[in-house]
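First chain written, first letter: the chains are A, B and C, and each begins at residue 1.
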Amino acid sequence: MPVLGESWRLRVSGPFRASLKFSFANVLWVVYTRSPRLSGLRNRERVARREPRVLGTLDFNRYSTRRGTSVQMAQIIVENLRKTFRVAERRAGLWGAIQGLVHRRHREVHALDGVSFALEPGELMGYIGPNGAGKSTTVKVLSGILVPDSGRCEVLGRVPWKERIATVRDLGVVFGQRTQLWWDLPVIESFDLLRAIYRVPESQHAAMREELVAMLDLEPLLDVPVRQLSLGQRMRCDLAAALLHSPPILFLDEPTIGLDAVSKLAVRDFVRKLNRERGVTIILTTHDMDDIEALCDRVIVLHEGQVLSDGTLADLRETITRERWLTVDFAEPVADVVDADAEVLRKDGERVVFRFDPDTVPAATLISRITARYPVHDLFVENPPIEEIVARIYGDARP
Amino acid sequence: MLDGLRLYLRYLGASYRGKMQYRASFVMQSVGQLLTGVMEFVAIWALFARFGTLRDWTLPEVALFYGLITVAFAVTDALARGFDVFPGMVKQGDFDRILLRPRSTTLQLAGLELDVRRVGRLLQGLVVLLWAAHALEVVWSPARLALAVAAITGGACLFYGLFVLQATIAFWTIESLEIINTVTYGGKETGMYPLTIYRRWFRRFFTFVVPLACVNYFPTVAILGRTDPLGSPVVFQWFAPSVGVLFLVVTFQIWKFGVRHYRSTGS
Amino acid sequence: MRAYWAILSARFRTLLQYRAAALAGLGTQVFWGFIRIMIFDAFYRSTNAPQPMTFPQVVSYVWLSQAFLRMLPWMPDPDVRMMIRTGNVAYELLRPVDLYRLWYSRALANLTSPTLLRCVPVLVLAALFFGLQAPASLSAAAACVAAMIGAVLLASAVANLLSISLLWTISGEGVAHLMSVAVWLFSGMMIPLPLYPDWAQTVLSLLPFRGLMDTPFRLYTGHVPASQVAALIAHQLVWAVLLIGVGRWLLGRGLRRVVVQGG
């Protein structure tokens, strides 16, 4: 057994003095960077942090870009954004796991592969695409959270990742699955905390809060701890929380996911009002096609990091497919259902799904034809799901 | 600065109010914390009962070391929960929400949670400290008291810095946090006993790399009025706790560097 | 048995994924063991009086306790805790298996798989560099292994008790904590049991906790002759059976509570 040494003398020596000097130098550096003598970006950040936002509380569209240019200039500019992630690969099985202990393999994921678009103030843009297409990555870059590998981006005249704090001050973000409210506290206290965080003047905050509470019907919820709220109630509170500091831009990430029908309509109604009456620029990321149809003037389809389509919703539908799907539940299983203008997509016992072009045969005509020939229990008409649309676009894009 | 401080206090207040809603659970867990502390001290006491002295340190003297480090660690444990849970946050992607707020990430994480359960540990440490103060033949002048408070403060800053360091490493790898954990909790264990009983290289590590000795051993030696077997000058002993504060400042800089890295590589 | 094996294998695989954690964890154990050794060394140097255990024996004891730290039942099963908190424990009632046996197997897996992973590197390092002695004799080694098996069975019973006590939401946490403290103190994890004051030794030898760590390690170091292994294992198993019985009974009561309160 090794023996403990007898000599206990601690030499207050070089290494000790060096480390003291290093720490002291560090303190000096901190003091220096916080001093008013700096110019450039840090100074702007500092100013942005201190200035309270004073503007007409309820009039978002009076807000102009930071450099005082006209409101007509594009508010959000994205040019050729690229971002690649390295993901570690997991191997299957016990032997694979032991191998992974020694040597890790990596895979490159191109989250953004040359994305470009521009948004005017007051636009409501729907941002759609399959999972993993790069939608949340784009939102992260626009918020200044993530730095892209290459490309240009401007939000309200600022480069987001260079001026995170100033950029984020003018943004509201709502995540559908996660709440930004404090879990154990009543809603009103969360609002209060947010006021302190965003440095909103008391009167402005109070006016905004009252307006939002009225618009979203939050009065009975204000004193309820967030953990006791239903999903729909929580989403409404989250929407209010995101807007308390009157941001001119709002990012909504799956706001209606998991909501009941009533709440969905309430949320959609609110978002529409926000955009049409208050002029808030909104980017809506969603899988719900009905949200898009109800709200968006403009739709951008993203797939594997690339913009596949950018235009109005009507254009999207026009170019990709005019077709509709008619699902019929027959009263009894029918052997062979045939119609001149409709193609059978799926057959499942009594349920048959038809695909038809409303220009060739109007829905009403087709329905009356089928119901005349066969006994029908129930039926409904719908648009093809978003994945179909995107898959079609993808099919067209890659010959 | 002042505004940041006000927000910090607001955060802590909000966390406290949230926790107090579960009062029974809080009391139970605080008592549990107290018991854990008692258990630790029972072990030390048992060893002294068996061996009499630790080298030339008596039980009340060791109790002073123990008390100071326990109180310092309990204070930090209560305040640094934000950085402690940070690795989990990064994994779940919740750090993005923090980045979406127009405030420094340091401030937001510092105020994330106030772990009021640690009051149990704090009480236990204070009791041991008070007993040691009573049992020792030391005149408690205001200067000595101030030094004890400084030692606790410096120790709290040191451990806080270690928590921040641990959180910063989570930016690079979620998995190897145990290394810092080792140093943090191992440091606490180490600080319970006077530094002289450890090996030379061990002492050097906990003086120069993680300045635990500066916030615990040297001030205590000064309080006890003993000549330091390790030969440090008395002046240094009185100013040693400030090294803990410096350590914290350094780790905050490293944290900022880590945030920058996170933003360029994503989650 | 098959369920146990499946759980064990899955845990093993999960643990291997976190390779850096595995390495870092090893560092932690070595660090802690090292601190303890230094503290004991200082104590042993402070007096010339004879002690119940020699210093080399203490060194081996400490390293063994670090190597087999994962086998100590000081924490309720985190899965069970999550289940109870979310209310999912109700689903457990729907399973067509004996619930106590299921939880026991889970506890057994939780205790054995991390231990198997951690004990070998720690033992190797300790033996090479830090003074871990070889077993006192071949029979001592055999006795130690036998006692380990008993220890693991006993530990699973204790761990299960800890998990079951969580069914009583708030007071259960307190009880679990109390038991946890007792486990740490009286199993030999904090300090080797022989070093406790003499007046405490009788009580310590009666309590179940010494069967968790103290018994196998004392056999290893030869502090207790290998011939006594039968009596010691009997002590472990009697307590294990007792705790299993209590656990079963409590589980029944606890689940009825859950159902009645509509959790």
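Here is the rule we go by: a contact is a pair of C-beta atoms (placed from the backbone, for glycine too) under 8 Å apart; a residue touches a chain by one contact, two chains touch by 3 or more.
None of the values given here were measured: they were computed from a predicted structure.
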| item | value |
| --- | --- |
| Reference subunit A; chain at largest CA-centroid distance | C |
| Chain whose Cα mean lies nearest the overall Cα mean | B |
| Inter-centroid spacing, subunit C versus subunit A (mean Cα positions, whole Å) | 48 |
| Subunit B and subunit C, separation of their C-alpha mean positions in angstrom | 28 |
| Where subunit A and subunit B are represented by their mean Cα positions, the distance between them in whole Å | 40 |
| Touching two or more other chains - residues of subunit B | 199 |
| Subunit A, residues touching no fewer than two other chains | 4 |
| Contacts with two or more other chains, residues of subunit C listed in rising order | 19, 38, 41-42, 45 |
| Complex contact set, residues of subunit B against subunit C | 24-25, 28-29, 31-32, 35-36, 38-40, 42-43, 46-47, 49-56, 173, 175-179, 181-182, 186, 189-190, 193, 197-199, 202 |
| Touching residues (chain side subunit A, partner subunit B) in the complex | 4-5, 7-12, 15-16, 19-20, 22-24, 26-27, 29-30, 48-49, 83, 85, 111, 137, 140, 143-147, 161, 164-166, 168-169, 171, 173, 175, 178, 180, 182-185, 189, 193, 196-199, 225 |
| Complex contacts: residues of subunit C adjacent to subunit B | 18-21, 23-25, 27-28, 31-32, 34-35, 38-39, 41-47, 51, 170-171, 173-174, 177-178, 181, 184-185, 190-191, 195-197 |
| Complex contact set, residues of subunit B against subunit A | 3, 6-7, 10-11, 14, 17-19, 21, 94, 96-97, 99-104, 196, 199-200, 203, 207-208, 211, 228-233, 236, 243, 246-247, 249-250, 252-253, 263-266 |
